[in-house]
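In the two assemblies presented below, chain A is common to both, partnered first by chain B and then by chain C.
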Partner chain A sequence: MNQQPFLRIFTAPATLCAVGFVAAMVAVLQYSLRAYVPGSLDPGGFTLANFADLLKPLYARVFLDTVVVCAMTAVVTLIVGYPLAYALVRVEQPILRSILLVIVVTPLFLGEVVRTYAWIIVLGNNGFINSLLMSLGLIGKPLQLMFTPFGVVVALVHVTLPVMVIMLAAGLSHIDRDYSRAAESLGAGPIRVFLTVTLPLSLPGVVAGTTTAFAWTFSAFATPQLIGGGRVNMISNLVYQLGFSSFNFPFAATLCVAGLALTALVLGLLQLASRPLRKIEVH
Partner chain B sequence: MIPRSTYQRVLGWVGLLTVLVIVAFLVLPAAVVTIAAFNDKPILSFPPQTWSWRWFGRALAYEDFRQGFFNGLIVTAWSSTIALCVGGMFAFAIDRYKFPLKSAIEGILISPLVIPHFTVGLGFLILAAQVGLSRGFAVVVICHVILVLPFVLRSVYVSLRNLDQSYEHAAASLGAGPLRVLTTVTLPLLLPGLVSGWLFAAILSFNEFTASLFVTSQRTQTLPVAMYNYVREFADPSMAALSVMYIVGTAALIAFANAFLGLGKVLNIEQSH
Partner chain C sequence: MKPSASAEGEQTAVHFDAVTKRFDDVVALSAVTLGVGRGEFVTLLGPSGCGKTTLLKLAGGFLGPDGGSISIEGKRVNDIPTYQRGIGMMFQNYALFPHMSVAENVAYGLKTRRVPRVERDKRVADALALVKLKGMENRKPRQLSGGQQQRVALARALVINPTVLLLDEPFSALDKSLRTSMQVELREIQRKLGLTTIFVTHDQGEALSMSDRVAVMSEGRIRQLGSPVDVYRSPADPFVASFVGDNNRLRGQLVSVHAKQAIVALGDALVNVPGESLSGLEKSAAVDLYVRPEQFSIVAPEEPCAIKGSVVAQIYQGGHVDLQIECSGGTGDRLLVRSPGEQAVLRWPMGAPVGIAIQADRCSVFPVG
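Entry: the complex of A and B
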């Protein structure tokens, strides 16, 4: 009897998709090695000049800014997300839990554009925060929140928070409560139980969440574009500009390849740094 | 020394306050957009002096939004359904079968989770140009299928793991052929996982923006792309009104999914006892 009756039918479509995706990524790689012919959509011959151009201060600056914004967003998201994830896992009442879950999950599915637009209204010069502070008499003229790294990071934290909370909560929910109960019964106070039992056991979730937050922020386009307004440029914005304003697709592709290498490097380092954590068995 | 019960109560209040502040941060933009949507004046001001519903009418009548909405429905219907079929079958194969290149194919299909959407979008834009495909719906659908596949795979895979295979063995031992076991036992048992995977894929596809910006044209632009173009050109509250409709619609879908499928289980965050 055939032990794997539907093997071919079940794997063929997925294989086709994988081949298509690899082809698209190879297309990017191939373009990154081609010369830019101004005024033409077709690339020139093979060259390494694009990668040499990456070292120009203008582009190196964008890379540095991108990494700083991503790192800040990931860290702030972690700090803000942890208490919420903890609450989500520990809340007992089912209704409260459901409400909290819907509040956390809904923004995840709203898409970048809607959320970025909402933050423009919150942060703008005539926006919610400035109007509120001015009517309270706390400030005389509007604070500049739009077009600043601060504004971009605040909006990006909001974008990555749901996914961070979900990953942290997944880690927290699989910790056996008996460990903390044992610590309590041995006389440890709540803060000590948290610092010495719960927090260390949740570190794998912390690493997973931070990694994902970093990668997501790296991928963000609408938020730095609209809230950064050209003054905070990330790699994504530069790729779009190069592609659709100057039709320099080869260099846009080079930036994508360099971006991928950078993400891989950062994520690899994070994995390496978290290696000792593998010893922690979470059930 | 402070008595332990007082100490714990204070700690509890501090915790509650922290969580409330974070929830306020999460909800703030949605609340502010809702207020802005009902502002009668075309210029942003807080608090609005006069209130009206007129921007909702404007948003619903705006041609680019209507076109984007229907384009989005076409792309979403095709891509989520294709992703469900492809991903569902492949998740089954991963769970049950051994075959060459298994982990390589799985890795490739999961990788869009960490590859920036602008890279995926640029890749399909270049690929389409290279193989001579015009910038129609096909490119957009293919791109979306790739982007939502990881979520479908995960959702179906988790339900397969939780499935008790003894039902299948029982059916097989009673003489049912593999196809009959699959359609009458496995598929019905997998239904919640398949539905949640499809729902996830549909919501993600409908909202996908960055890659869509690269692969859509004026004719095929989806709603998020239309919204982005609108924000760049106009500042009236039509966009706020549309955002409110978007937020309410999405929250309703999520609440529905939670009530019928149990989001906690799907997201793997149920407390283990």
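Entry: the complex of A and C
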């Protein structure tokens, strides 16, 4: 009966984690259905009022902003990441390759807070960009880069880039070089080969990368907190404010549940839209 | 069989002149010279790693040579990129574009050449008819069998009227019967269109049955270039003798050489062999005889024969029987003997003592070492 004797032992740690995760989710879910009792840390009775509150313009606005920031980040990361991933896969000189790899992977080891702090130094009123532009005489007074959606997106792109590049490179490296050789033999120059063969065949990787980038930024906290400075709010920041400044745990939980549902919805839609692509099998 | 049209200027479609290619410290090709005549079917045959694919890639422009020059239709193409060479290439794994239909795959090379829509559709239809794939236009490659994918790849390469068709082990993924029928079909189409073709294989049967000429390669060199009959009957060196077709090697001692004839001692027996390759060799030098399995005949042990032994294996092959004979004398040497028909199965049962006579006038002899 037990054909794989090690299966249980090997899956035990994963099962344990899964149980803990499910317990936490259930706790959040049940908090989201409780009433908020001002001045108390304990929730009140069951209610759906929290979910109705989500529709208030103040909160709906944050959801919309989050989706917009995530979408912009995903798109910009894709545009920046694709050439990097392409070069990473195609460049043949070992030295160039290593340099690329370092550029792409190092940010992963720095953590979100450190990277975000670096961007504060770059984007601030006395930061690198403004100092440079002013000393060149291109602008008279500093550009407002901090505390803007632009600044948040720029920093989030940096945070998301490694994941995007790794996923795109994985997709690209699975495309057999014989496809582009075949196209060349049929008279296609480099640009045509890229547009008609490499790019279409890499679309599954593009979808995977974009989806992951989107989900990855959806839960961003430190970056919008530090660079948005309260003026660009994403869901995590709202959860933090409500949960840890106002101690409104039930509504914070409701925001979590709604955020999760929204992520699932967006990812589901992306998957659905990209279904035709899955038929492209790349050996 | 076409007369060899190599190096005759305008008749030559593809010419490799002293082409050398190195990968780091591996010499993949050393000074290879080869001319392929217009409309000729030349096969590159050799063991794995001998440089066949490298030579084909050089012709296609997927690699550049380190030395020597390559010309197509009399024009030096060393520095011309693949997409301007007008070649047709068929890849071992087909490399059909998975995101395009059969018709789109075949039309690809016509689109890059800006062939107008109407003419394009007609040529695609003609090419698909040629490879017997009418009605499959809208399928995707993954909806085709291996043999059908093969045909699409062929149609895609043919439709652009390439100056030369390059094929890298195109049939190695097919099962035997499909492979045989594809071989016949490819050859028919090639003849009909008069296509200059360079074909790569490590299957010597395929090489012998399809080619006008075969280039036998080993370690980055062409060891022999000739018609299939030449290569099989008169191998240029021991490598070709043992690589092309089945062969038995017998060690002997030279007794005498007279111009075209030589006498070699095999144990106690003396055999007359062709002597061209032995001139200048000292008496009693060691020589190797290469004898094809069909150049042996089995006789009763008491009859006059060169070698004695006993049957250790019978391999019934339908049209003929292959017998393995272990030579007496305790050396354990085994010979492969091919006997037409099927009488041999009953006539020479397992363990039977036999004598082997050699039709030595057609065997090949090379000095040892």
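Simple rule for what comes next: the second predicted complex is superposed on the first by the 279 of 283 C-alpha atoms of A that agree within 3 Å, B and C clash if a C-alpha of one lies under 4 Å from a C-alpha of the other, contacts with A are read in each partner's own complex, and residues count from 1 in each chain.
Quick note on the criterion: contacts are C-beta pairs under 8 Å (C-beta built on N, C-alpha and C of every residue); 3 or more make two chains touch, one makes a residue touch a chain.
A quick note: this is a predicted structure, and the numbers were derived from the prediction, not measured.
Look at chain A after the overlay: chain B and chain C fit there side by side. Shared-chain residue A:L132: touches chain B; no touch with chain C. When both complexes are overlaid on chain A, the residue A:E184 reaches chain C alone and has no touch with chain B.
In the superposition on chain A, A:P200 makes contact with chain C only, not with chain B. In the superposition on chain A, contact is made by A:Q4 with chain B only, not with chain C. Looking at the shared chain after the overlay, A:S219 reaches chain B, while chain C stays out of its contact range. Between chain B and chain C, the partner in contact with more residues of chain A is B. Superposition on chain A leaves chain B and chain C with their closest Cα atoms 8 Å from each other. Counting contacts as defined above, chain A residues 176, 189, 283 meet chain B in one complex and chain C in the other.
Remark: chain C residues 60-62, 81-89, 91, 93, 95-99, 108-109, 112-113, 140, 142, 156-157, 160, 166 touch chain A in the complex. Partner chain A is touched in their complex by these residues of chain B: 4, 7-8, 11, 15, 18-19, 22-23, 25-30, 32-33, 35-36, 43-47, 85-87, 89-90, 92-93, 96-99, 101, 105, 108-109, 111-120, 122-127, 129-130, 142, 145-146, 149, 178-179, 182, 203-204, 207-210, 213-214, 224, 227-228, 231-232, 239-240, 243, 246-247, 250-251, 253-255, 258, 263-264, 267-273. By the touch criterion given at the top, residues 2, 4-7, 9-11, 13-15, 17-18, 20-25, 27-28, 31, 41, 80-81, 83-84, 87-90, 97-98, 100-107, 109-122, 124, 126-128, 131-132, 158, 161, 166, 169-170, 172-174, 176-177, 189-191, 212, 215, 218-222, 226, 235-236, 239-240, 243, 249, 252-253, 256, 259-260, 263, 267, 283 of chain A touch chain B in their complex.
In the complex of the two chains, the chain A residues touching chain C come out as 176, 178-179, 181-189, 192, 196-197, 200-201, 279-283.
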